[in-house]
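First the structure, which I've put down as structure tokens, then a few questions once you've had a look.
Should a chain be cited, it is by its letter among A, B, C, D, E and F, assigned in written order, with residues numbered from 1 in that chain.
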Amino acid sequence: MKMITAIIRPEKVDEVLNALEQNNIPGVTITEVLGRGEQGGVCLQYRAGKMQVKTLPKTKLEIVVPDKDVEMLIKVIREHARTGKKGDGRIFVLPVEAAAWVRTDEYITG
Amino acid sequence: MDLDTGATAWVLISAALVLMMVPAVGLFYGGMVRKKNVISTMMLSFVALALGIVQWIIIGYSLAFGADVAGVIGWSLDYIGLSGVPIDGVTGGIPDILFICFQMMFACLALAILTSGIVGRVKMSSYIVLGLLWLTLVYAPLAHWAWGGGWAYSLGALDFAGGTVVHISSGFAALALAIVIGKRVGYGKQMFRPHNIPMTLIGGMFLVVGWFGFNAGSALAANQLAASAFLVTAASAATGALTWMALSWKSGKPNSLGFISGAIAGLVGITPAAGYVNVGGGLLIGIITAAVCYAALSWRIKAGLDESLDAWAVHGMGGFAGAILTGVFAVSAICGVGGLLEGNVMQFGIQILDAVIAVVYAFGMTFVIGWIINKTMGLRVTEDEEYIGMDLAQHGEQA
Amino acid sequence: MDLDTGATAWVLISAALVLMMVPAVGLFYGGMVRKKNVISTMMLSFVALALGIVQWIIIGYSLAFGADVAGVIGWSLDYIGLSGVPIDGVTGGIPDILFICFQMMFACLALAILTSGIVGRVKMSSYIVLGLLWLTLVYAPLAHWAWGGGWAYSLGALDFAGGTVVHISSGFAALALAIVIGKRVGYGKQMFRPHNIPMTLIGGMFLVVGWFGFNAGSALAANQLAASAFLVTAASAATGALTWMALSWKSGKPNSLGFISGAIAGLVGITPAAGYVNVGGGLLIGIITAAVCYAALSWRIKAGLDESLDAWAVHGMGGFAGAILTGVFAVSAICGVGGLLEGNVMQFGIQILDAVIAVVYAFGMTFVIGWIINKTMGLRVTEDEEYIGMDLAQHGEQA
Amino acid sequence: MDLDTGATAWVLISAALVLMMVPAVGLFYGGMVRKKNVISTMMLSFVALALGIVQWIIIGYSLAFGADVAGVIGWSLDYIGLSGVPIDGVTGGIPDILFICFQMMFACLALAILTSGIVGRVKMSSYIVLGLLWLTLVYAPLAHWAWGGGWAYSLGALDFAGGTVVHISSGFAALALAIVIGKRVGYGKQMFRPHNIPMTLIGGMFLVVGWFGFNAGSALAANQLAASAFLVTAASAATGALTWMALSWKSGKPNSLGFISGAIAGLVGITPAAGYVNVGGGLLIGIITAAVCYAALSWRIKAGLDESLDAWAVHGMGGFAGAILTGVFAVSAICGVGGLLEGNVMQFGIQILDAVIAVVYAFGMTFVIGWIINKTMGLRVTEDEEYIGMDLAQHGEQA
Amino acid sequence: MKMITAIIRPEKVDEVLNALEQNNIPGVTITEVLGRGEQGGVCLQYRAGKMQVKTLPKTKLEIVVPDKDVEMLIKVIREHARTGKKGDGRIFVLPVEAAAWVRTDEYITG
Amino acid sequence: MKMITAIIRPEKVDEVLNALEQNNIPGVTITEVLGRGEQGGVCLQYRAGKMQVKTLPKTKLEIVVPDKDVEMLIKVIREHARTGKKGDGRIFVLPVEAAAWVRTDEYITG
């Protein structure tokens, strides 16, 4: 198995989640994060004057899938999270050695 | 009548209470939108306050309370910029200037309520133009009709604290604007969860508190009438809240948003009636209005209309119900005019007529204003900005 | 006495201020619970407001202020549903209806305070039944005793703004209910961290503001007595806050929850005394009451009692201390009756007697009501619902 | 003059409104700091309220309103601890005790505003000492000069509601303290993002509401003057808000913090003028003051000064502008004294003189007090505590 | 070493944390997340009407332990986080190549 | 590639982020977490009395870098996040098998 860690734009999350479901990938864990990358931040206004902020709100999706689904998953995320502008985000693939259920005694490896 | 300092004290604080309601609408609405739009939603109400004050001073008061022109509008050059209003005039025991201030807050409040139909997508610049036009072309005439000596006033239509002027006008205006501006991107497809219900409850709490200035202050005196308006307002808010809670319980759970919506529905319903009915009427108006608004809101959702924060269902339909119920429950012992229950079919008819014309005018005229602005400056932000969220896109801020 | 418009204005706004305190209790409490219970905690206070209004109109006022029956309860058929209350009656300068409204808010407030003992585990339906019974069987008699012509009134017990009627009653009721309903699951084992202290501070801020309507409004006039009540209320709140802060500093850090608790303790302590003591008395009552409440709260925690938000320690014990301190510091130059410091042992004794009987009655009767409801409908949600959190389980909402 | 119950009612509620402003400052400030300092920031305002009440009762009132000593300070033994103030004295229609209460809140508010210069780094114990000294050595003399019969009063300087006494004094004191205490660690290097803008907007909303008690209450009567003060206050707040919004729009986006800052700037500007100008003056004062404060704030940021929450720019400079503009726009028809526009150069000069002396005294004396405390007890927490955050380090709490 | 990533019910966190401590596993990093899985969401009430929400609040525990402790850890979590109903959560086991201390220069691999 | 997961003191985040940038490591994903470790918690005040809380606010940084940068990265983080007191935090190194961009079709492994 692999854990797909995708950091994407918050405004694209709903679309991606819907797309995942339609592709029979219901399981996902979602975290609100702040990210910094090439996007370069945003210019916030203060009472007078501005301030340049380098970290932006992003959403991290963590999805554990069998190895075979990795490619498809990346494709789906790209399709629905892409705007073509800097800040669209990254996808990292991490190896997972085992997955267990809390509810049952199921335990799978590989 | 000489200056009555007690009445003056009460109307002063009532004006402050109604003022408080304007940002409270922002809080109330702000908790129900998504997190990315909360500052923007609050700002719409805050800006309504500033715009409304300036517009009222410059021209609004003259249009609403100037000398009557053919029953449809007021006009007194003296009132433009309030330049010719004497500093020490007193009418009915309170300073003229205080009456101007009190009425000023009503205009601001109506504009704030209306933003329900455009939150999360309206361009700030267009909103400012819209607000000024709406106050001038919709609110001022309606205020004139009911209170400034216009046709409804002559006809004897009853609107104690602005059920028609404030609530029907803003509620149906919100509906018109929601249609003109269109749905928020993703509406109906994604879940738009209220991001901060406690914030909405706090806002609702201040709306409730302020409403006692709104209704009991409309007595323009500190006397038995004010006390009676206070009592029936409390009664209607309470039964409205309990009714809505019971209805939402029947189909699920007794939720807090329903409770507070019912309280507001009850308050809207009693607004036109507060000086005309007794406590029994108050209890019943709360129940009936909450049921009407609940039905309207349910229908609105099913119809897929994105009148986002339900000013139409609660204020528009609640104001409509309240106007008619005033014609039902008015007690002649209190105000000299009886309602349907006392056999006064005439008054009942007048109330319906008044409410219907207000609905038609507020909806139609707002639609026209919105449509023109949309065709010229554009009412709406770009889809990209809507995605990013109004706070960041329009205000450069994050909650 | 004719209508005094100034007094009327002041009591009108005071009634609105006390009304504001009811949801403010919800805010205050809401910040101290865990996140999963915040909406539910706020709702308990909001519902208290709606229930209290309806109950007061229908029967509460009659029981509290109807014609005295044997010193223990009031009863006037005319007052049921307020049907026979004349719209334009005036007593002591203010409209009778206004007095009804003002008193109505006190009942609501007492019920809201009491929810401290049951938050995070009470079933909404049972709470509604409990609330209506409590207002009828506990609050109304106590109000009658002190203000409606009951035995305490005849005896000359002093309770200016409800130290006994509102605070002892609700505080000891909270204790009784906490015992009946039992601890929250995990209490004493897990840490129950206040999830939003700023929310509690905001709620506390509005409690403090509203208290000036509560205490100074209880003068039922806009005069020197009201001003004096205002001053001593401010004095006691200030020294109460500083005292509690100092005590918590001594054993750690000067924390904000302690500060605001002290302010409220000071306010509770001065409540029965506000119209009877001078500024020196006010300063001292704040100090003493805060110390008493601090000790009570510390003991409550050590005893492992889950009277969750300390209505007992702050309102119950604070009200008890205040009742007695009123008998110590009363100044005859202000109210015609002196306290212990003026050598009036008699009054001191009366105050103790009054407070003790109120404690026994409020605790005992509430215990019985709670016990019966628990045996019949059940007071408590299932353990599963408690785990999930009241917001989701009872209201289908999330903060 | 006999007791005027209407005036009394109005000043009672105005005192409560100004009281509400004190914690509202805490909310307003609290939203603009980093999350780790929010409770601490709110606490500074809450403590200001408690300290101010106690100080005013014990000695502040005597210093400000006791018998004049050489034009610079007041002193009446009778007023120490308010021991000799008769309970039923009435002056100008309102109880003497009420005047004491109303003025008491002004002192508390000034101290709360001043905390802008020291948030996020001041030691609680030092703040308490600082607060007591500041109220005694800075606030009380300034109040005496303007209202208690001091030199400015004799000279005829106009300060209706405390532009000089409250705003210049606290604003320039904040600047002095910011210099003495030094920048927050990391200031200028890291971004200090406001952690909760809605909280600031809510605080701002209550500041705005309370300001009507502050300004219109300063009429100490419920009459035309109070109404006029209400109107011009609304006018100035509105144009102030719109002006600042426009200025921030020109250089970026119309942000909400700018809007609310402008509203407050407008309110500060109209404070000294509220009883002396007409509505046209109100509209213009809002515009000008907001522009002045905007420029001051921009300069403050460029200068790298960590006067953290801009009490200097908004209250200090706004109060300064307002004092002078009062001398420009005063209308003799309203208050018997004309301003520069009516050719009264003399009054214009007096206003400038008064403002300049207040600036110099408030800045200088506060600097000295701060410097001495810093050298003795130390004003500042350790760097470690600052890193961890004031909430945890000073109060043992987390927001 | 392995990183045990457990996504469990928020109402079970305290119990699990206590159990971990009693088993001499003090170190843990906790994140509030939203999750979607087989549980199928919750029905929220709106002013009138309802809305079905598919993501639910969950809590993620990340615990890095030597390989030998993995089994025991999973057992402990299961024991204290299980209710037997859908939504109890998952446990993933990821390989960790090295662990370093910030406070000291300690650095361990494997 | 490796994913460096560093759990550090919140008050040190700004400093570390600046240092990372100066070392040409702009990309980072930041999560607010609660942590428990040797530090042993903090003593919070209640209205009266205290309560010992064992979990403390920490900040988690996740940074994906080529293998060669790992050592340097750990050094930089240590340098800027260290106070020498318990609670400074941990750094874990996890293997990453692949990284993809959402914006482009770029995909790198190893």
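Everything that follows uses one rule, which is that a contact is a pair of C-beta atoms (placed from the backbone, for glycine too) under 8 Å apart; a residue touches a chain by one contact, two chains touch by 3 or more.
Quick caveat, the model's predicted, so the values are computed rather than measured.
Common neighbours of chain E and chain F, listed by label, are A, C. The fewest steps needed to get from chain C to chain E, moving only between touching chains, is 1. Both copies, chain B and chain D, contribute mostly unmatched positions to the interface they share, with under half of the numbers common to the two. Chain D and chain F, compared by their mean Cα positions, are separated by 43 Å. Computed centre separation for the pair chain B/chain F is 51 angstrom, with centres defined by C-alpha atoms. Chain B and chain C have Cα centroids lying 34 Å from one another. Computed centre separation for the pair chain C/chain F is 49 angstrom, with centres defined by C-alpha atoms.
Residue positions of chain E touching 2 or more other chains, listed in rising order: 31, 43-45, 50, 94-95. Touching of two or more other chains is recorded for residues 4-7, 9-10, 13, 191, 193, 202, 222, 252-253, 255, 257, 395-398 of chain C. Contacting chain pairs in the structure are A-B, A-D, A-E, A-F, B-C, B-D, B-E, C-D, C-E, C-F, D-F, E-F. Taken together, the chain E residues at the contact with chain C in this complex read 9-12, 14, 18, 42-45, 50, 57.
Chain B makes touch with chain E in their complex at residues 191, 193-194, 244, 247-248, 251-253, 255, 257-258, 261, 294, 297-298, 301, 310. By the touch criterion stated above, chain A contacts chain E in their complex at residues 1, 3, 17, 21, 26-31, 64, 94-103, 105, 107.
Taken together, the chain E residues at the contact with chain B in this complex read 43-53. Listing the residues of chain D that touch chain B in their complex gives 4-7, 9-10, 13, 17, 193, 196-198, 201-202, 205, 208-209, 212-213, 216, 221-224, 226-228, 230-231, 234-235, 237-239, 241-242, 245, 252-257, 259-260, 263, 278-280, 283, 333-334.
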